[in-house]
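What follows is a group of structures, each given as structure tokens.
One chain, chain A, appears in both complexes that follow, with chain B as partner in the first and chain C in the second.
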Partner chain A sequence: MSGAVGREAVFPTRQSLGLMKSKLKGAEIGHSLLKRKSEALTKRFREITRRIDEAKQKMGRVMQIAAFSLAEVSYAVGGEIGYQVQESAKQARFRVRAKQENVSGVFLPHFESYTEDSINDFGLTGLGKGGQQVQRCRETYARAVETLVELASLQTAFVILDEVIKVVNRRVNAIEHVIIPRTENTIKYINSELDELDREEFYRLKKVSNKKQEDTAAADREIQAAREREAEKQLTSGKEKEAKEKETPDVPDVLGEQEDTDVIF
Partner chain B sequence: MASAVAYKERQFLAVIGDEDSVTGLLLAGIGHVTDPPDAQRNFLVVDAKTENSTIEKAFQNFTRERNDIAVLLINQHIAERIRHAVDSYSEAFPAVLEIPSKDHPYDPEKDSVLKRVRRLFGE
Partner chain C sequence: MEGLFFNVNNGYIEGIVRGYRNSLLNGQHYSNLTQCETIDDVKLQLAPAYGDFLGALPPNPSTSALAGKMTDKLVAEFRYLLAQATGSTARFLQFLTYGYMIDNIALLITGTLHERDTRELLQRCHPLGWFETLPVLCVATNIEELYNSVLVETPLAGYFKSSLNHQDLDELNIEIVRNTLYKNYLEDFYRFVTTDPDFKGTPTQEVMAEILEFEADRRAINITLNSFGTELSKQERRKLYPEFGKLYPEGSLMLSRADDIEAVALAVSVSSDYKAFFDAVGLTQGGGGLGGMGGSSDGKSLEDLFYQKEMDMSKIVFTRQFTPAVVYAWMRLKEQEIRNVTWISECIAQNQKERIGNFISVF
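For the complex of A and B:
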């Protein structure tokens, strides 16, 4: 496995070894952080899916009630109001605004419904008859739409979380299976290269010191020989000197033992 | 990541549905017609005569071209007619929501999001 991921193209130096080591440490920290993030997100994700399931069931019921109240309206009005309603739609009274919610660094939107009270459409619908039913139907549908909006925000969160979790998991896996083994490989490579260099260096030093020792021994011998020669020379020259000195004994020795007559002390 | 600006503008809901669903949702006050000259409605009434291409065009219009729609509501039996488009749609904004209609009770098995939920949990 670790052989397959290869290593990074670096020069095996001590500096890059340090770099790689800090990189490995960073990767490990990043891995554990990302793993925790992914777990937190997954927890949230499961909660959301559960709520989506519930909300979908609720939506089924609510829409059924709403459809029933619409049937009541058409019964009371005594005809189709669809056309009239469609034609009189001008400005949306029921709107949503998006808010953000932060889950482990992921921004999840949350829709919030609100009604623009200044806009009042369909003022004329059901004016003839069935006004009360129309009013009730509007309220029922407004509640239904609120449920739908809630469901929509859950669903949006679901989609976003799904994507983010995929990305995070991909990163976790990439770090775990590619970056960390590769960095370890690189460290191993650098270490072996450095050891090799160390051995080489050691061997070289040993060679050098051996050579030096030999050199010094040779030099010592030479010096010894030179000294001996010198001594021999001195010996011979000393004898010559002695012979010379013996020839001139009448020079008075100033620093000698005999006293001078003109010295007071 | 959907940028914050992208969905601040989105404040309307859109509907693709049969007459009753659209009427009811419009009564709730979600109907919006943009200002002339190119007035665009945010709802589409679909009946038996409506062609699939029209539905799909409206779907694309609501999901891709308009950027003021936060949620697109679509009747499930209509979503069934353009299933490939709904299933291949995977953006977060606008959220596509399949809703039941009067004549077609809600079937969780067909919902594209619930299908993803089921697939994820291996049920």
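For the complex of A and C:
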């Protein structure tokens, strides 16, 4: 896996090495945070799945009871009341409030149902006969709708959480399997390149110092030869020249040092 | 004496109705129906009684479609009777349709108030409550027009005139309008059967007065019970009570003052029948409350008992002769039968067999 991810296109310098190292550290922190988030979300997700299952089973029961109570109404009233109820209902008695719930940074909508007891639009339906059945049927259906609302908020949360968990998991995996290995690869690459440079440097330094030693040796020999010649001449020339020759060995040393610094940088 | 000339004009109708009565489902049929597994089985069981009316239904029809077809049969049979009737019998039969007319008009008024396309409302009207000027109601676009030009043409005009004006139609709850009309209708019907020279002193007066009184009391009790917890004031409530019946006037007065079920039970205690009903459903104990009203698991609800009583009365009507009241009784029995079948098929469709026996069978 890590072999396939390659590395980032950076110049192998110490600066980018530092950059990469901090990036790796960030990625690891981010990874652990996201992992924790994903776990929290998954826990929540499982809980919601369980509650959806419960709510659905409850809905099945409640809807059955509700449908049956409607049958009771049609038996008691002996006719259709649907149209009348439809027409006389002007305001919603059963209402839904939407809230937001924050689960580790994800906003889940939460629907809350409540009944406006003052609104009783078709309270007189079935006044002549079947009124009680109508009211009871309404209560049963209100309970059924309550279950539906609960289910709706769970389902919405389910869908949103599903989406978010997918995204988070994708990020976790991306960090774990792509970003971290790639950064590690890059660091490895930079390190190896730097080592390479170091070795080259070392080699060159060795070469340079060899050369310098040769040069010094040659110079020494020359000096030696010159001294020998000088010694011969000394016999002939005066003490002033001797002083001059003492300064000359200093000059090549200074030059050598200057050459060294040039080579390094 | 009254039997001497009755058959000259009405014998045929009575004969026909007694024939119809024999085709009503009996206990055997019902027990067969409750054994059914699917709606198709129900359809099959109903085939002898309803025959070709159910033929057009698709396989596994909805319960409402089934009920619709059964109602069609009732309507067809009633129309035949109506076509055969003459004189005061015809008027009597027309009175039977007024109840449905009230429902239809209430439907149309609701539709007009909400500016619906009244044409589609006509589809929903009960066919028995159909009268010639009913489609004209669709012409009216606002409630004042509806009242001034259209409602006065209907057979129900008298019921409107005496107690409602067009402002009421606009402001009052349609249920109150409907119940006011129904009250006026019941009173008118009662007056008709007790004072019409053709019916006065005949079994018709005797039988119908009893049935209508029961109907009036039932409405009064139901309205009282159903109005608890609504915005209906006691004054308004009182206006909805029919002004006859066993409970009128003392019981009605007490009902109009009733605040809870116990007060209602006290008000109806003047009549032993109703007292027995209230005792049966346990409303007098006070513990029952509204919750126990809709019929707990085993017991019957008050409405069930009222239906039961109505059916018993209707059944007894067939022991009398020389009266069009049998038509009324037959219609009530038939309606109950439709409700029963709807209930049974509903129970079958929803797989709730445990309460399938909760219907009322009288034969």
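The rule is simple: the second predicted complex is superposed on the first by the 201 of 265 C-alpha atoms of A that agree within 3 Å, B and C clash if a C-alpha of one lies under 4 Å from a C-alpha of the other, contacts with A are read in each partner's own complex, and residues count from 1 in each chain.
Just so it is clear, a residue touches a chain if its C-beta (ideal position, glycine included) is under 8 Å from a C-beta of that chain, and two chains touch if they have at least 3 such contacts.
This is a predicted model, so every value here is computed, not measured.
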| Is the arrangement of chain B and chain C around the shared chain A a clash or a fit after superposition? | fit
| request: Name the contact category of A:93: first (chain B only), second (chain C only), both, or neither. | output: first
| task | Return first, second, both or neither, reflecting whether A:53 touches chain B, chain C, both chains, or no partner chain. | result | first
| task | Considering only the touch criterion stated at the top, classify A:145 as touching first (chain B), second (chain C), both, or neither. | result | first
| message | For A:180 in the superposed arrangement: first (chain B), second (chain C), both or neither? | response | neither
| note | Chosen between chain B and chain C, the partner touching more chain A residues is B
| query | Which of the two partners, first being chain B and second being chain C, lies in contact with A:67: first, second, both, or neither? | reply | both
| query | Once the shared chain is lined up, is A:75 touching chain B (first), chain C (second), both, or neither of them? | reply | second
| said: Looking at A:27, would you say it contacts chain B, chain C, both, or neither? Reply first, second, both or neither. | reply: neither
| message | Contact-wise, after the overlay, does A:136 reach chain B, chain C, both or neither (first, second, both, neither)? | response | second
| message | Looking at chain B versus chain C in the superposed three-chain picture, what is their shortest Cα distance in Å? | response | 5
| Hey, what residues of chain A end up touching chain B and chain C alike? | 64, 67, 71, 80, 125
| Mind pulling up the chain A residues that touch chain B in the complex? | 49, 52-53, 56, 59-60, 63-64, 66-67, 69-71, 80-82, 85-86, 89-98, 100, 106-107, 109, 111, 115, 119, 121-122, 125, 134, 137-138, 141-142, 144-145, 148-149, 151-153, 155-156, 158-160, 162-164
| said: Taking the touch rule as given, give the residues of chain B at its contact with chain A in the complex, in rising order. | reply: 1-2, 4, 7-8, 10-13, 19-33, 41-43, 45, 70-71, 73, 90-93, 95, 97, 99-102, 105-106, 108, 111, 113-114, 116-117, 120-121
| remark: In the complex, the residues of chain C that touch chain A are 63-64, 103, 106-107, 110-111, 113-114, 116, 121, 124, 126, 173-176, 178-179, 182, 218-219, 222-223, 225-227, 229-232, 240, 290, 293-294, 301, 303, 335, 339, 342-343, 346-347, 350, 352
| note | So, in the complex, the side of chain A touching chain C is made of residues 64, 67-68, 71-72, 74-76, 78-80, 83-84, 87-88, 120, 123-133, 135-136
